[in-house]
Amino acid sequence: MQTSIRNHLKGKIKTILQGDVVSEIEVETPAGTVTSVITTNSVRRLNLKAGDDVYAVVKATEVSIEKD
Amino acid sequence: MQTSIRNHLKGKIKTILQGDVVSEIEVETPAGTVTSVITTNSVRRLNLKAGDDVYAVVKATEVSIEKD
Amino acid sequence: MQTSIRNHLKGKIKTILQGDVVSEIEVETPAGTVTSVITTNSVRRLNLKAGDDVYAVVKATEVSIEKD
Amino acid sequence: MQTSIRNHLKGKIKTILQGDVVSEIEVETPAGTVTSVITTNSVRRLNLKAGDDVYAVVKATEVSIEKD
Amino acid sequence: MQTSIRNHLKGKIKTILQGDVVSEIEVETPAGTVTSVITTNSVRRLNLKAGDDVYAVVKATEVSIEKD
Amino acid sequence: MQTSIRNHLKGKIKTILQGDVVSEIEVETPAGTVTSVITTNSVRRLNLKAGDDVYAVVKATEVSIEKD
């Protein structure tokens, strides 16, 4: 399966904060920690847990740019 | 100024594809290339050009997770 | 590869309006036409064309609800 | 009222998972189940409940494309 | 029709920058200018033009907070 | 630090509904109340509380237009 989504950052899950409907996942990547909020049902369906190798995935239109 | 936005990936602009209304920016980061789509007016306002040190910025609710 | 993204609507590409940086894709699904805006570079990379069988993919946090 | 939002998928609410701040709504559509995350305050304000006829609404820039 | 979308800012269109696929709309509101990027097909379908009374509409999950 | 993000609406926090993973913030602006959903960890990190002067921040691609 190919996807139009441009950004796939490889990393390892550091922490999962599981909530009633959504959960916060911290992924350690070579560019630093990337934080994701997904449904808790997806956490269960993918059986995500600390230490898993994953990708943090982001559509290009969601990325902004900052400059000093 | 502090921001609630969780993800700020440090990198360097590799390419800018400038369009009539929006532009595509490729940022080289330690986690690989991150692609952003922002308004061409922001490209001009920030005077973005290849080689600039920037941050790719993403709200946590926009980040999904993939697992092999 | 498994994804946390909840929504994958099967359909067939009806039209592609190709722009300089982003393109508009209309996908015919059993629930009606679904319109997507992705980068033109992704249209080329996936070699998308009218008639292709595809999925329209949406993160759950991007879906709102309307009621009469 | 007319809206610029391109995608309105007609369906019926199958389940509501009500959380403290956000809730997950599953909408049965002719293209399969569409999952939405909205504020619990909106669930109350619209008095949403299983069986309601609703539309799942998505801005075109939030829709990605996958292809086999 | 009721919507789960929480933010509707009343204003008047100041400028439209029409592109091949997407367009930039500047809306003058009591809180300052709000900029929107929508498909050019929606600009045509709603027959948007400078001076129109409109609402700038945003899902709550898309709003971040900054503090000095 | 300069940002590509186009929309920064000045206001004052009216209410915070703190959840287990995400929280809802209502910001009073000259254009009316703007509602935001951010992570509860950001609420703590920025030490947000009712009465704080803040900005509600939105990327232009997330803003839709409605017209009567």
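A, B, C, D, E and F are the chain letters, set down in written order, and residue numbers restart from 1 in every chain.
Here is the rule we use: a residue touches a chain if its C-beta (ideal position, glycine included) is under 8 Å from a C-beta of that chain, and two chains touch if they have at least 3 such contacts.
Predicted, not measured: the structure shown is a model, and the values here were computed from it.
Number of steps on the shortest path from chain B to chain F, with steps defined by chain touch: 1. Number of steps on the shortest path from chain A to chain F, with steps defined by chain touch: 1.
The chains that touch both chain D and chain F are A, E. Two copies of one chain, chain B and chain C, touch each other, and the residues they use overlap weakly: the shared fraction of interface numbers falls below half.
The greatest centre-to-centre distance from chain C, using averaged C-alpha positions, is reached by F. Chain centres computed from CA atoms place D at the largest separation from chain B.
Centre-to-centre, using mean CA coordinates, chain B is 22 Å away from chain E. Rounded to a whole number, the gap between the C-alpha centres of chain B and chain D is 29 angstrom.
The residues of chain F that reach two or more other chains are 1-6, 19-20, 22, 24, 35-39, 41-42, 46, 57, 59-62, 64-68, listed in rising order. Of all possible chain pairs, those that touch are A-B, A-C, A-D, A-F, B-C, B-E, B-F, C-D, C-E, D-E, D-F, E-F.
Every residue of chain D that touches chain A in the complex is listed here, in rising order: 17-20, 22-24, 35, 37, 61-62, 64-68.
The touching residues of chain D, counted against chain C in their complex, run 6-11, 24-25, 27, 29-32, 34-38, 42, 46, 48, 52-68.
Remark: chain A residues 1-5, 19-22, 39, 41, 59, 61 touch chain D in the complex.
Interface residues of chain B, counted against chain F in their complex, comprise 1-6, 22, 36-39, 41-43, 45-46, 57, 60-61.
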